[in-house]
């Protein structure tokens, strides 16, 4: 390939990424070191009067106030809950699909992915309708006489975990399916031939070979869940201060851009390893499914 | 086999139950979205007369179409670079940035992009915050998805097809136009659809980078969902679910055709 | 002289640290059917890619009818290739595949159509022009690939392991088809293969490559009956090798067996291998005494493992004409015609 073409091929998208991805992160770091002021834009410059004015005051504040630590812990806890729930639903689902006849697998996978592509926002909205005290579940159970009085399923942590499980379930099913599908069915026959019962075949052959898919799926659910904003905002109450929601509130409600940036930096540091690990899994999954 | 069927049934019920609720109650006569009071299409009518929603929908469609097209161009170039250039300087950083776009929480990405756009506000000729900055943000998100799809497609592309074309007298440009492009076109189409749906669905990035006057459909839906249930949203959701399903089915059809082709 | 003469002069090619071709020289006569034979890693595929123009040599020249191919891209070379995987364009019909190269030459649509149906008739696939590659059987796909390459009327046709993807039953038929096409067209055919049986059966010249060097070039009989080296003798066909030492001009002294008369002359006292093809060995009443240690029945022939004096073991292959076989444990006499024995320096 000629030199000019090579340079265009990399140069155009790389410039775009630098401008709309790399540069923004430099700004997040910069703003995280400055202070909030009532001005346009609402933060102090890093250099003024020929001196460096930046400080780690925002990070010190984050460390002092329990609100932020609680938010981080709540985010990790709820994301882990959603991940485990997705695994509990997603693994059997992937296993069930991989065990159907070949011609059924693509349509079934498409059915798993279908709700994922129908608006995320609307799927969360649906759960408001189902879960709120005057919602479908509560009203139906009351009219059937199973409960007295409205059932307050939301706002609550459970509702948030349920909402994230629901929205990210396809992310779990697809990579697990991809790794299950790669397993040569002859291996199961060989294990059975050597005396393993079906349960043992699963534990000693199928499960270990599908672990890469389990890891990939868990990362794909966990990483976006930790930083989730829409679900806790709509299904959670004031008692569910997930970190994504706190960043949003600091930014939009308190107009404290520096503090929001500092929180974003903390979240980024927290997720650096899972994100890096998830990237390797992405390419593998994309290849497995194509 | 019956265990598998049971699992499939339960999980699909979980996945589709809430969507079914939306669709059913979009045709409910009453204002309450919890009690059935008779079939009606009045909420669709009210939806169409809701100027604020219709304007937002129009803007969202335009933003989605432009950003998906940009994302497809940028993502294809990236996918080609990653699949075909072997090792180049900064490859790790380039691939890392694309992967990070896919996995980063949207709140971080939105905040970071907004801060950059605010800084660029002083630049002469900069369009300022609004539809243009939303397009830029969505194109960045979409290009990472397209790059992933294109790279995966190219990595299982049989290179001897291109060599055969060269051998038969086609110049490299002709090889690209007559062999490579037709064979990856379904992947590009699928990538465009994904980018389009992402843009049409995003509320977080748009809320951060938008300026006054540019309100997208998800932003309107989000603010009304915060206030509670609204049968108009059910009607809108039903329409979007229908369009989304159609998009996925055509994407699956395109990808299936691609697989048949490369067999 | 016929067109399509290929001359490879001192060609070297390395990938990283590995020298795949190491100063290889080879002449292929115009109009010949030449097999490039070699194990994997011998450099035969690299040579093919150099001739087709997908790679450039690090040193040396490749000449086609005297014209240096250096710097000429694959799409301008009068050379066409049948790929091992066939590489049929999956999104085009059979007719569009075959016409692809002709359209690149800018031929008018009518002329392309005429040439395509001519090629379809040549490979006996009339009526399949509208099929897509995935609707073809392996044998049909291979013939489309052949037709597509031949449609360009190349001076030289390269075939990369063309039988590799075919069933055993189809190979026999395909071989005779290839021979017929070669006869009818008179184009130079260069077949790349690792299958010595295929090379011997198809080609009128065989070039054996061994680790980037030309080991021997000649007729199939040359390679089998008169191998130039131990490596050639081992690669082409089966051979028994017995270690010994030359005594006077025409004999080799073998410990335990005594002296054997051999045709070649080597300096007295040098360590050598005596090689005898299994089918040249007679089993009967006369000759060196031996014991049958194993018999493998192959239907048309049986292969005997024979233990001679001095710990020498050889394999002999005899046609099963009468149904009588020597049995394990039987004592027999082993002999071979003078001149059947080959001698190689150790």
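We call the chains A, B and C, going by the order they appear; numbering starts again at 1 in every chain.
FYI, contacts are C-beta pairs under 8 Å (C-beta built on N, C-alpha and C of every residue); 3 or more make two chains touch, one makes a residue touch a chain.
Everything quoted here is computed from the prediction, not taken from an experiment.
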item	value
Chain contact graph, described as a line, ring, star, complete graph or other shape	line
Most central chain, judged by mean C-alpha position against the global CA mean	B
Separation of chain B from chain C, taking each centre as the mean of its C-alpha atoms, in whole Å	55
Chain A and chain C: spacing of chain centres that average the CA atoms, whole Å	59
Distance between chain centroids, defined by C-alpha means - chain A, chain B (Å)	17
Complex contact set, residues of chain A against chain B	1, 6, 8-10, 12-14, 16-17, 19-25, 27-28, 30-31, 41, 89, 92-93, 95-97, 99-100, 106, 108, 110-115, 117-130, 132, 134-136, 138-139, 166, 169, 219-220, 223-224, 226-230, 233-234, 244, 247-248, 251-252, 257, 260-261, 264, 267-268, 271, 274-276, 278-279, 282-283, 286-287, 290
Sites on chain B touched by chain C in the complex	158, 160-161, 163-171, 174, 178-179, 182-183, 260-263
Chain B-touching residues of chain C, taken from the complex the two chains share	52-54, 73-76, 79-81, 83-85, 87-91, 100-101, 104-105, 134, 148-149, 152
Contacting residues of chain B [partner chain A, same complex]	1, 3-5, 7-8, 11-12, 14-19, 21-22, 25, 33-35, 74-75, 77-78, 80-81, 84-85, 88, 90, 94-109, 111-116, 118-119, 136-137, 139-140, 143, 147-149, 151-153, 155-156, 187, 194, 197, 200-201, 203-204, 207-208, 218, 221-222, 225-226, 228-229, 233-234, 237, 240-241, 244-245, 247-249, 252, 255-256
